[in-house]
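What follows is a set of structures for review.
Next, two complexes with chain A in common: one pairs it with chain B, the other with chain C.
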Partner chain A sequence: AAVKGGLRFQVSAALKEGHVTPTELCQSCLSLIKSTKFLNAYITVAEETALKQAEESEKRYRRGQPLGVLDGIPIAVKDNFNTAGIETTCASNMLKGYIPPYNATVVQKLLDQGAVLLGKTNLDEFAMGSGSTDGVFGPVRNPWSYSRQYKEKSVPKSPSEDEESNWVITGGSSGGSAAAVSSFTCFAALGSDTGGSTRNPAAHCGVVGLKPTYGLISRHGLIPLVNSMDVPGILTRCVDDAAAVLGSLAGHDPKDSTTIQDNFKPFELPNLTDVSKLSIGIPKEYCAPGLSSEILAFWSKATDLFKSAGAKVIEVSLPHTRYSIVCYHVLCTAEVASNMARFDGLEYGHRSDVNKSTESMYAATRREGFNDVVRGRILSGNYFLLKQNYEKYFIKAQKVRRLIANDFVKVFGSGVDILLTPTTLSDAVPYMEFIKEDNRTRSAQDDILTQAANMAGLPAINVPTGLSERGLPVGLQFIGQSFQEKQLLTVAKWFEKQVKFPMIQLEVKRHDHSAFQHQKSASFS
Partner chain B sequence: VLNRRCVEAAVMTGLALNCSINKKSLFDRKHYFYADLPAGYQITQQRVPIAVNGSLSYSLCIDNKMSQMVTKTVRIKQIQLEQDSGKSLHDDTRSQTLVDLNRAGVGLMEVVMEPDMCCGEEAAAAVRELQLILQTLGSSQAVMAEGQLRVDANVSVHHPGEPYGVRTEVKNINSIRFLAKAVDYEIQRQIEELEKGGTILNETRAFDSKLGCTVSMRDKEGKQDYRFMPEPNLPPLILYDTKSLPANLNHQQVVNIDWIHERLPDLPSVKRAKLVEQYGILPEHSFTLLNEDGLTEFFENVVKETQMKPKKVIGWILNDLLSYLKQHSLTVKESPVSSFLLADLLNLLEKKEISSTAAKQVLAELWKGEGKTPLEIVKEKKLELIQDQNELEQICQAVIDGQENEVMAIKAGNRKVLNKLIGLVQRETQGRSNPVLVKQLLEKKLSE
Partner chain C sequence: QEVTVEVLDHLERLALVDFRDAEGVERLQKAIGFADQLREVNTDGVEPMDSVLEDRCLYLRGDDVTEGNCTNELLKNAREKVEEYFVAPPGNIPLPKLEERETFLQGS
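Take a look at the complex of A and B:
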């Protein structure tokens, strides 16, 4: 069966017209997951339930009553969202074997729309990290490592070196979701974004990564990292798809008091042709130290693109940008320390065998259950929350956070519609290089361009822009105004159309014919 | 997610205790590790609670005499909303702790009083009044034995004129009676300790109800740093009054303080005053009526159904009915004598168809709950007062005839001996004669 691997809209149409059935689609994806197992993108594959959901969807299509655009569409969910009856681990020993009794609101919404849940994707342990390398199930490999584009450009450093040691990271912490979308094993995936965890891997894997406005999408059932910054993220292969998924997820949830009450109206993205009324802001502080000249070049080209299309492009300043990373670390670790307090081994998850006393059981359970990244952040966070430090660190950081948010308010208030910045400092680095630095250092470096949006609660999106000299994806980030996702996505869609990011030419050792065909037709979109 | 009913209950209670309601209050996380705290933190209101600066008035009897009551006031520092933890049951025989998480996360209201009370009796009276208020408002059923109202007492001693001493916190108090005992014991213990030359530690102690003493709970070493942090999942709680209520807000989403104020029921103190005014009973009567669940209603029902004056009815309610209930450990609801039955009985008395002695006998019969009406019992036991004047006259005459000496004494001026004759008539009639009427008849005959 000729499966359209590209735009979901096309697949939806294909499903509606009966060119392909949900079951065929589901099976094709499941088989591709098996062929791409070496990517380590999935922690759990829910084959049985997925096929059942596909069957149900098929019945609906036969009756001519699909639930909507997402009916029958295979999706994947990051393993820090609760899924009823399906193991949810957060890539941690602490939750190995944990089977939640309920679905996260966003998962439930997708299922209610008829989406087919293929499985749970890999991440950094408890979403802490920027490489998707620090989970207990091992690192996720960027599918582009196995692309013709990368292979053509890579120069083996020694004759013995092969692709096994040369593979590059996905970025993180939603690396599994990004890899899953990038490698065509699903059509959309849920990630989470606290400091850039959806946009960063989206950039490295060449997919669209949307971070919605804080308060637009329910966090109920998303195992929390930083309650005041976490949002569910959406990863897709094109902007239209992201808008469609957003439409089915956004809106008030009585179970999450931080979601806004206003009624959300799902929208169709207009096909913008005239950008002359648009004002694009280029924040000068985002020309950060360590930004590769390549990325800088892509950014420049993009601003030129807007200029020549008639848009107003102006340099703006977000003066408190340089404080945001330290501020983020204080607030992030403080909330992490608080949120991780619930993992004590008593009610669920891992419990140590040590049982001399409650305290010793707690201590052993937490030492055994958490990796050192998590433990490090808990210790830091508790330090900042101590009575004698609270004012100096936590309160101070909250004040600076307000200043950072105000920077954006001022800029948007001066007539700028959207900000355009790079998403990452460089293209994806090889795993062997990445692990030379520790998680803390890496996070501090890699989050720098993305986390201000989390601090300010603003919507932001990574749009794949082009390929680097090494043949790897480079993305650019658009930051929008609060709850103006429609405007943000409209501009992003225009940009996507202009840059025509190339399809990945995945070269995978194939065992089954259908997967090969899948990949072949993917280049047809 | 915040429970609306909890907010309303806290506002009601705050208003009833004359507090200022904070239109904006905040939620915080208080972190500590304990088996009955599944999240590793408790959500509470440390920075800005929902209500502050109120007062509670309560009454005490001086010298245990109900007739002398004095009113006192204790200031309310604040009321805060917080989460309950689970319940720990310690199994010492197997060295394990069993944790029941069913109530973990349920909303609680903590009422913090200022140290304005001076002894166990005051503490008990204040808490009793608070209990009645909570029950009247419906914020809580406040039954201490069921853990619906939990009381921790903070006790310190000092010489007059000196600053307050170091305080200890006494926990595990399960009834109002034990509260008074615990407080008094702790005061005594501290005084003795200080007079010995010792010091008081700022510690937590548990009340042992069997031994009637407080015991140190030395399981907390040093002061805990709770690492308070704002609760990120609960936005600030905004309350409105009619003035500040924006027009476009959904009614379901707001709590209007004025609206709640208008709907507050009569507080116990108001109810008592009304009872005194309406029925002419004494203040101490009103206390007893309110103290007993359902008794006020019972009393008012009887008053409705009988011609007897409330001032007289109250005696039957408080002396007779209540003592029967207490003797048999029954609540008013469980009373075998309904308000209708009692009213019937009192009506017979009021119409002078029976004497009050007879009435008490009838009540004793009614208590058996055999389903007989007062009239039936009266007829059965032949307790009716003799209505036939001639019959009475004959008996009086017979008595006079049989008591020559006494008659002579009376005629000589010793009126007191008349009572003996009245008594004899009563005996003859088996209590079925109206003493007032008998006295009249005897006097008439003796003066002839």
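Take a look at the complex of A and C:
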């Protein structure tokens, strides 16, 4: 049966009307995952369980009783979320072979809604990084590296240079999830966001990346990096889908005492037509050193777009912006030092053969299990937490954190509804170039625009905006007020409609064409 | 200032993670240098912020047992176990001193 074409059509509707079945959809996605293996987006593909879930979903559709808009929808989950019976590695030797006995709350919620879990996606080891290049399973490749748009614009510098060496990174640390969504292997994916780890790869892979307000979505089962900043992130191909996934995930969880107790009501996004009552703030400090002129141009054009649509656009100041990355560096390493202490080989994960004493076994286990990046952060964190350093580094950083959070409070208090900023400093760089600098330097550079939202716990979203000179995605970021996701997403959706970001023209060998039509739909909701 | 070998050794013991090589130590030095920029910020009269949710009450549930009896599941992931116990090597034995430990810092 023919299905409506166009940029966006609704897979959920197609499932309801029987134009495609959950098993067909699932099989098509699994097949595409195989065809796109070179992207290295997935660490584990849960083929059997996914097909079972798809079958169950199909039974429900046949009875006319789907659980909701997510029933039968293939999704992927970043490999730092615990998934019962499915290996969860955090892309680290420390957890290779670790099979959790429980599902993270967000995973359970998705499964309860009938979503089909295709597999676990690749990331930087323990979510530390901004490239998805530092995990033990290797780097993730940006699907846009294989797009016609990128290939048309790339001029090989030498006859020997070819596709193989030219591929660009996904950004990180939720690169696998972003690549999975971008390459149509799933309709939505979970990532995590501590300093920008969902928005950064979303920008580089041309997908929507939502960082919800801290406290809105449960972190139970998300292997923690920085307890006071981590949030589960949502990656989808359009803003409406992000709202749908948010609707099924948000809300108080008795198992996570940092989730707020307010009643959360899932919402549908209105089609905003009149933005004249909107006040958009443009923080001048986000014109950061290193910001590419291309991105600056996109940012400018977006500002003009809002202005000509009648919105009030004003320049604002977040004076402590340039310290947020330093502050993050201290608080992050300190919390990491604490969080990584649980990995000692006794109860789960890798355990060294060294058996002389508990201390030496722990030391050897951690020596063998963690990579340089993780070890480096643990050691730095411990340094900042030493008695002689506690006050001048850790406490100091906590004070600066308050100043950063207050900057936002002041700006929003002055009548600004939403902030508009770039998400990244440039489009995705080639892997060969990215690895020339070390992880800490890269993270410090790349997190600069996304990180402050985590400091202040605010919701933020990357919306794909356009293609760069090199044919790669560029995104812009909207930062909203605490727990005002509906407003944030409404504005984001309006913007998305205006910019009409092009669909990726992925050049991949396809095995079957029929169900692929459904996969290429930008949205499911 | 440079971090002394004593502090480096102390860190290795506290963290139970090793520096591995000169690069590891260099990494720490750079991290400290980077963090030193915090000194430029005036934080007089500013209270440290633990959590962005500081104005709210954390949820505390009732002191009731709601789950448990999952010994088998929990033991599944451990490498060394005996009956219902996780088996650890002997405790109370401190990590060998710097001179006796296999660590990069020995050479310094």
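Keep in mind that, in the parts below, the second predicted complex is superposed on the first by the 499 of 525 C-alpha atoms of A that agree within 3 Å, B and C clash if a C-alpha of one lies under 4 Å from a C-alpha of the other, contacts with A are read in each partner's own complex, and residues count from 1 in each chain.
We adopt the following convention: a contact is a pair of C-beta atoms (placed from the backbone, for glycine too) under 8 Å apart; a residue touches a chain by one contact, two chains touch by 3 or more.
A quick note: this is a predicted structure, and the numbers were derived from the prediction, not measured.
Participant: Which partner does A:Arg342 contact after superposing on A: first (chain B), second (chain C), both, neither?
Facilitator: first
Participant: Quick one: is A:Gln261 in contact with chain B, with chain C, with both, or with neither? Answer first, second, both or neither.
Facilitator: A:Gln261: touches chain B and chain C.
Participant: Once the shared chain is lined up, is A:Ala334 touching chain B (first), chain C (second), both, or neither of them?
Facilitator: first
Participant: For chain A, which side has the bigger count of touched residues, chain B or chain C?
Facilitator: Result: the larger residue contact count on chain A belongs to C.
Participant: Looking at the overlay, does A:Glu359 come into contact with chain B only (first), chain C only (second), both, or neither?
Facilitator: A:Glu359 contacts both chain B and chain C.
Participant: Between chain B and chain C, whom does A:Cys287 touch in the aligned arrangement: first, second, both, or neither?
Facilitator: After superposition on chain A, A:Cys287 lies in contact with neither partner.
Participant: When the two structures are overlaid on chain A, which partner does A:Lys387 contact: first (chain B), second (chain C), both, or neither?
Facilitator: first
Participant: Could you look at A:Val409 and tell me whether it touches chain B, chain C, both or neither (first, second, both, neither)?
Facilitator: In the superposition, A:Val409 touches no partner, neither chain B nor chain C.
Participant: In the overlaid three-chain picture, which partner chain does A:Met432 touch, first (chain B) or second (chain C), both, or neither?
Facilitator: neither
Participant: After overlaying the two complexes on chain A, where does the chain B footprint on chain A coincide with the chain C footprint?
Facilitator: Shared contact residues on chain A (touching chain B in one complex, chain C in the other): 228, 254, 257-258, 261, 337, 344, 346-347, 358-359, 362, 382, 386.
Participant: Provide the residue numbers of chain A that touch chain B in the complex, in ascending order.
Facilitator: Contact set of chain A toward chain B: 226-228, 254-258, 261, 334-335, 337-338, 340-344, 346-347, 358-359, 362, 382, 385-387, 390, 394.
Participant: Residue numbers of chain C touching chain A in their complex, please.
Facilitator: That would be residues 3, 7, 10-12, 14-20, 23-24, 27-28, 30-32, 34-35, 37-41, 43, 46-53, 56, 58-61, 70, 73-74, 76-80, 86, 88-91, 93-96 of chain C.
Participant: State the interface residues of chain B toward chain A in the complex, per the touch definition above.
Facilitator: 1-2, 29, 31, 33-35, 38-41, 97, 99, 101, 225, 227-229, 232-235, 250, 253
Participant: Where on chain A does chain C make contact in their complex?
Facilitator: 98-99, 101, 214-215, 228, 252, 254, 257-261, 320, 323, 326-327, 329-330, 333, 337, 344-349, 351, 354-363, 366-367, 370, 372, 375-376, 378-380, 382-384, 386, 392-393, 395-403, 405, 438, 440, 444, 456-457, 482
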